[in-house]
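Next up, some structures in structure tokens.
Both complexes shown next keep chain A, but they swap its partner, so chain B is in the first and chain C is in the second.
Let's look at the complex of A and B:
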């Protein structure tokens, strides 16, 4: 099964972060993909991703408006980086795009 | 400070983060500025903010950084300020939709305002509730119930599913 990991983080860290998380999780589930999203907000990091989880994923989505902690964990995985607005506005399209990129990468085609 | 967050309370109960005193049903405000002031006044009365002016300033500061209309007729302005003495959320439903910068260019029918203190360390539990509350706003079913809500009870009930 296609496995997606990612991080959501917005400027104040109270609203957009969590709305984006919910929207992406809902969209991924509906499309039948596994997703694990870490949130970095005012309350700190929640649902933290381990290096193992990231390394075993097919693709990562960073829905972020600010610099995030632990960016180096994503050094060896393809990243789709977007503002949280995109994740909130078009979660399904974003997931579909990520999966498309993941598939083309696994075939050795540069996306 | 945390009057409704006792040790034995269920921290997952998002509903408990909504104070009925900060819910405004069918506001007749005609503009963003008017409704923000109306909501912030209710938050001042409920003890969330010490200075209405100070908090409003922080809300506008956030507004200047990006769009807070998340689409579907819902806006989620928020401010982080030393004027916030108790973190909280306030909700206003509008009689007539008002112009608001949004992701889908639709007018706003529901305004959900978050108040976050400058120093979040001491307020972590409460902010966790606010985060869970925000998450609910990413759920289309919750938004649908929220939009059809006609009174305070129906608004709080929208967050139960």
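Let's look at the complex of A and C:
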């Protein structure tokens, strides 16, 4: 099964971050993909991703308006980087796009 | 080519990162000075001599707000160059403050410091035995030195004149232009509900306040409060018209958005807005235009940059603010109650099936 990881972080870190998280999680569930999103709000990091989770994923989505902590964790995975409002306005299309990229980069190793 | 180059600088991304560091400082210090001024009326007490509790609060809050040029420069430099950017960012920000270039100086200084750090790391090559000197000595010294010299001897002065000129211009506005500026601030600050446009306007009006013009930021405080309060009013107007405009989930959202609105946090209404973007933005924009214009026209003048209700006691002309706030809340509420569709049983049950906007590949970066 396609596995997606990612981080959400917006400027103020109290609203867009969590709405983007929720929208992406719902969209991924609807499409039947596994997703784990970390949030970096003003309160700090929540729902943190481990290196193992990132390494075992097929693609990562960074819905971020600001610089995030732990960017180096994503050095070995393809990253789709967008502003949070894209994740909020078009979560399904964003995930479909990410999956398309993941498939084209791994040439059918996983489906 | 040019467009690609500018995009690769990620200017907006760095500014938003810095603003994300700035906002908690504005809130923390802003509330302190707001409470201190409301109860004590003196923000320039000397804490080495005698002072009251409220003087201390106001003084500390004021000192915190005075740090904003340094915080914006440090934040931007950190965003560009990571940890090595912090020290030069702080020092160039201090240089901007010292030369009177204020917030705009800090903003430009931050980019300068960040890029100087990246440049130093990239182009200054040392023999192996001296590599340890790079992070400790070379990078902080070269970036701070060059950045501060440029700030103090070249760009700081002109930025200072520019800020003074703009401040002078804004403080001599007459009635009609005040209405116009208030209207602009009101619309721009309200229509993206605390998003990047709002934050850009915030950076601008904060600059104005730092140079002593309090009216623009007051208009922004007003619309940030009025939007969630207007959404709450719309619920009651809807009831009056016997029209349910919110789903049950949305009514729950209103219950948390209202108290957040009292303290000037607009983001509480976002879940409602996202269900019906166009109608909400129209109602918010019209209300914001009215509120911003009235606030500026009556010269409502908050001495603090943040605080919502707590900002009112710091004003010498609070009535203009209250009139503007009430007007904004009523207009936003009425327009929203009128143009929003009646909630049907179907809406109550549906899951988020709202049509999604198409992806613009320009917004997406694959790496």
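Miscellaneous remarks
The rule is simple: the second predicted complex is superposed on the first by the 107 of 111 C-alpha atoms of A that agree within 3 Å, B and C clash if a C-alpha of one lies under 4 Å from a C-alpha of the other, contacts with A are read in each partner's own complex, and residues count from 1 in each chain.
As a convention for this text, a contact is a pair of C-beta atoms (placed from the backbone, for glycine too) under 8 Å apart; a residue touches a chain by one contact, two chains touch by 3 or more.
Because the structure is a prediction, the values reported are computed rather than measured.
In the superposed model, A:43 lies in contact with chain B only, and not with chain C. Of the two partner chains, chain B and chain C are each touched by A:11. Of the two partner chains placed by superposition, chain B and chain C are both touched by A:26. Of the two partner chains placed by the overlay, chain B and chain C both lie in contact with A:65. Between chain B and chain C, C touches the greater number of residues of chain A. Looking at the shared chain after the overlay, A:78 reaches chain C, while chain B stays out of its contact range. Within the superposed three-chain model, A:103 lies out of touch with both chain B and chain C [touch as defined at top]. In the superposed model, A:92 lies in contact with chain C only, and not with chain B.
In the superposition on chain A, A:3 contacts neither chain B nor chain C.
Once both structures are placed on chain A, chain A residues 11-12, 14-16, 19, 23, 26, 42, 65, 83, 85, 88-89 are touched by chain B and, in the other complex, by chain C. By the touch criterion stated above, chain A contacts chain C in their complex at residues 10-16, 19, 23, 26, 42, 65-67, 78-83, 85-86, 88-94, 97, 101. Taken in their complex, chain A has these residues touching chain B: 11-12, 14-23, 26, 39, 41-44, 46, 65, 83, 85, 88-89. Residues 13-14, 16-17, 19-20, 23-24, 78-79, 194-196, 199, 265, 267-268, 270-271, 274, 351-352, 356-359, 363-367 of chain C are the ones that touch chain A when the two sit in their complex.
Across the complex, chain A is touched by residues 62, 65-68, 70-71, 76, 78-80, 103-104, 114, 116, 120, 124, 127-128, 130-132, 134-140 of chain B.
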